[in-house]
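Have a look at the structure below before the remarks.
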Amino acid sequence: MDIATLGGLIVGAALVVIAILLGGSGLGPFFDAPSILIVVGGSLSAVLMRFPIKDFFTAMGAGFGRAFKDQTDDPLAVIENARELADIARKSGLIALESVEVANPLMAKGIQYCVDGMDADFIRTMMHKDISASIQKNQVGERVFRGMGDAAPAFGMIGTLVGLVQMLLNLSDPSAIGPAMAVALLTTLYGALLGNLVFLPMADKLNHRANKENQIRSLILDAVLGINAGTSPRVLEETLLVGLDPKKKEEGAEPEAAPA
Amino acid sequence: MDIATLGGLIVGAALVVIAILLGGSGLGPFFDAPSILIVVGGSLSAVLMRFPIKDFFTAMGAGFGRAFKDQTDDPLAVIENARELADIARKSGLIALESVEVANPLMAKGIQYCVDGMDADFIRTMMHKDISASIQKNQVGERVFRGMGDAAPAFGMIGTLVGLVQMLLNLSDPSAIGPAMAVALLTTLYGALLGNLVFLPMADKLNHRANKENQIRSLILDAVLGINAGTSPRVLEETLLVGLDPKKKEEGAEPEAAPA
Amino acid sequence: MDIATLGGLIVGAALVVIAILLGGSGLGPFFDAPSILIVVGGSLSAVLMRFPIKDFFTAMGAGFGRAFKDQTDDPLAVIENARELADIARKSGLIALESVEVANPLMAKGIQYCVDGMDADFIRTMMHKDISASIQKNQVGERVFRGMGDAAPAFGMIGTLVGLVQMLLNLSDPSAIGPAMAVALLTTLYGALLGNLVFLPMADKLNHRANKENQIRSLILDAVLGINAGTSPRVLEETLLVGLDPKKKEEGAEPEAAPA
Amino acid sequence: MDIATLGGLIVGAALVVIAILLGGSGLGPFFDAPSILIVVGGSLSAVLMRFPIKDFFTAMGAGFGRAFKDQTDDPLAVIENARELADIARKSGLIALESVEVANPLMAKGIQYCVDGMDADFIRTMMHKDISASIQKNQVGERVFRGMGDAAPAFGMIGTLVGLVQMLLNLSDPSAIGPAMAVALLTTLYGALLGNLVFLPMADKLNHRANKENQIRSLILDAVLGINAGTSPRVLEETLLVGLDPKKKEEGAEPEAAPA
Amino acid sequence: MDIATLGGLIVGAALVVIAILLGGSGLGPFFDAPSILIVVGGSLSAVLMRFPIKDFFTAMGAGFGRAFKDQTDDPLAVIENARELADIARKSGLIALESVEVANPLMAKGIQYCVDGMDADFIRTMMHKDISASIQKNQVGERVFRGMGDAAPAFGMIGTLVGLVQMLLNLSDPSAIGPAMAVALLTTLYGALLGNLVFLPMADKLNHRANKENQIRSLILDAVLGINAGTSPRVLEETLLVGLDPKKKEEGAEPEAAPA
């Protein structure tokens, strides 16, 4: 569970609600069904036009899931795992890795290539293709949310323009002007809230998570190539640890604390 | 037929119409011929200035066609096709490919090079040139629509400014101010709708489709180079499948389900 | 003559005029000399600050010329020309090219290098330098117009602010407020029209034309290198045709239709 | 202590306060707790959604620290240090470096590799990994502040929209309109001030500092590789000095003035 | 003296003054000290936060100097100078260059390397470092002005918001509303003028000048490498001339006209 995504969303929404209540009007006047319809529906339909329908639903499901759940592997666990595999490979040969269960699917595929006796170039090419396919899949989710983050304020403005035109056509009753204009402004407010508090931060979170995952993937690639080349477990571990955050590395020094 | 493009357009337009009707005025006041003229005509003429006239008409025709129709080849069908060709080449030599009918024109051209006995470097260079010519052609369509998506809101603002100036010159009749300003705002509304609901999503869809096509093209290039090198059909299929989405790959495991 | 540039400009301007006339006021109130002065003059002076004075005048002259006239060589004519030269070189040696008149200056320079017996690396380096000097020169024109397209709306806003301040200082006569504000808005209108209907489309057209020219230039480079290497005329023609649009290539199949 | 960051912040804030006081109203009406709540809280919660919670707190702490304190090593001190180390290595061999204390951790790690007898490729790879891990860590801080700089004006607009809607719903008391709208505009003012005077300049300062640090790090990499290759101290110093600012270099000529 | 920078600035400012005078109010109401204070001071303090204090002052001084003075070397003079040096080197050996005075410091340093008998790789590496240090230094000046060009309109808006809030709090005297709002708008006007007429054009001019200087520097690098390789003066001159503008080249054909 990624507390930050959910927490940020709840805190942000609560702040807006509190600001409204402190302003003295209730929440009631800030809820307007047609305005919600035009902003949410318009953003969805603009994004629907941008992407194939299949990608759209996949991205919506996976995107929400990935933004709220943190399933990234711990780099230290990956390195620990690689050290064990390197140890087995050094002691009993690459063939002995066949019977070892490897949890991470990319690592498992790479180890399978080693067992099959493929050379380093082939392994690198195949795993690179696999990695870039994952990257492209992740980018679809990010782009769907970024597209909605761009469309929401635009449809907010469209809704406000519709409301303004209707208000201007009907200026005979001065007491109706204020409420009509208030309702017209609501779509702009919805668009700004959805874009800045929901869609764009989620696109950024997905981007951030994808970067983390790519680091793990290139760590796995380095690990598999090292195991295939018969690197000693100690040297392999040290080489893989170099690219990590100083803090994480200290934890790595006490491997009993690292089975995250 | 790409349901998403058409569906998104219809749903988006319907939402705006519903929002207008819920606002209590009819649709009538939201239709103003001079406003439509200035936004649509202005966007077209600005784009006309940006591109040679021939490219403009080609892009308009092809762009609309490509955005609403999904003609991208299925990667699994391409891989299946490549496996069959590799099988023939292994059994009867590259020359035997001469009599095989290949549906995809790029694949057909590549196979022709193999039949003619060209070497891998020549094939790669020639197919790369062909691929980059296709990419450039596709980009023209995308850029025409993106140009219109940028111009539409600008001409919407120009129309509103024209209307505002005329309204301000004629403030003597207070009851006319509201309707005059309503009409002035319509061009901004048209510009925002055309840009955000039609032109920009279509440019993004064309970009998305072009990316898909480029993936297919580089798959075909890999396939032709593999066939030319005499790779075994099984290895070729496996190599080509690596870069695909996990889901598609599972389908690929049951090739009887893949003749999309 | 590039009909699209001129046509787009005329149609766009006509549409704005028609929209004004349909609005019921004449064209008169939309003409205000000080407003034109501040927008056009301000854009020019801001661009003058950005570029050396010599580049500015060159860019203005060449830019207008290039945007309205289409002087790009026809790629098919270039390829046809290259085939003839390759034919002569094959039959009578590279020296025989000395007496051939070559219309295109870049091609002529490349052929001269061949005649002088320079090697392929030298020819590639020298022609690359020549090509990148042309690219830089073309970019100056595009950047001058893009700079004016950015400055025009800014000076439009500056003019409107000046007008608004003067109107606000003089609110004693209510009947003067409307016309004063109308005049103030005119500079914003001028800035938006100049930017979106003139300067930015011209910058895009120059960019588009420069891309076309660069394609021709790299075609010529390939042609000269091929001639220098003694490629057979038929193979050279086929290699050069690969990168072209499918449509053009069909025309190329009937070379009697290609003397553009 | 980086005087510029703090000084710029204080001077900028003072200027705004002075402008308010010169305007004749006191500072009181410019302080509104709910407005501050929505802008600061909204910016924080939007950024919280974008980044993992751990990175967020690290970035906030480190970011503020780094923006106000200048801890970048002096390049001349680094070069002086490298010359001494090269001198020892030349006279007593790389092993003799083991007993030397090296203050900079990256330099110390590189020297350790030299002592361990690693070859240049290994040292370059390992130090590159270390450097790119530091770069990524620095970028998180910059991106957090840039994210807040983008979110602050957006939440300022959201707060103003909330206030405008509440004002429009309650137009019955004309004397309340002015103050209500004044309060509504305060959130826009807070958002613009926080974004332009605090968050975005801090993001730029962090970026600027990171660039400086990367220059130092690549200087250290060059120095370690030079020491490992047994370059003479004089040549090493000269080579490292070449990339520096002319001014700094002159100071470097009198090394007694450089113990920064 | 670069007439364009100063001329553009004067003409632009004069146009604004003329437009104000044509508007019928004098210049007086357009001068407001607190507004100038908040826009100029705010822009300076935001930029002060972005850059180290030393870089800021250097950039301000050097930037203004470089924007108004044209000190770029004439490429033809550089080529002429290179030809003379190549001539000496061919006739009397590279050592003979020791006694030649070379005006351009980069050329002088490169010639010194030749005299010292360094090889081409060393010369290229060292001169590249020198060139990229100059590029970085130039970029600081450009970025300071671009930062001010971004900050000026933002502080203009901040000042206007302060003025609007004060006006709205004090609506009791209707006759004061107009002038108060006029003053409030002045900061937006100042911000737009400073940004679009001063800071951004100066940043662009510095960028343009830096590009020119980099061309000269890479010309000098080519010249030094050519001299070091013992290229014949005629070939060297021809090679260096290729990358120049056609016009300049014609001047170069009559070297008696080129002693710029």
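When the chains are written out, they are named A, B, C, D and E in that same order, and each has its own residue count from 1.
We adopt the following convention: a contact is a pair of C-beta atoms (placed from the backbone, for glycine too) under 8 Å apart; a residue touches a chain by one contact, two chains touch by 3 or more.
Nothing here was measured: the structure is a model prediction, and the numbers come from that model.
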Practice task
Determine the shortest chain-contact distance, in steps, between chain C and chain E.
Solution key: 1
Completion exercise
Touching both chain C and chain D we find E
Handout entry: Equivalent interface positions on chain A and chain D, same or different at half
Key = different
Practice task
Using just the Cα atoms, superpose chain B onto chain C and tell me the rotation angle to the nearest 5°.
Solution key: 70
Handout entry: Centroid spacing, where centroids are CA-atom means, of chain B and chain D in whole angstrom
Key = 42
Problem - Euclidean distance of C-alpha centroids - chain D vs chain E, Å - result: 26
Exercise for the section: State the ordered list of ring chains, commencing at chain A and continuing via chain B. Expected result: A, B, C, E, D
Practice task
Using the touch rule from the top, collect the residues of chain C that touch chain B in their complex.
Solution key: 2-5, 7-9, 11-12, 15-16, 18-20, 22-25, 29-30, 70, 175, 177-179, 181-182, 185-186, 188-189, 192-193, 195-197, 200-202, 204-205, 208, 239, 242-245
Problem - Contact footprint of chain C on chain B as seen in their complex - result: 34-35, 37-38, 41-42, 44-53, 56, 126, 129-130, 132-133, 137, 147, 151, 154-155, 157-159, 161-166, 168-171
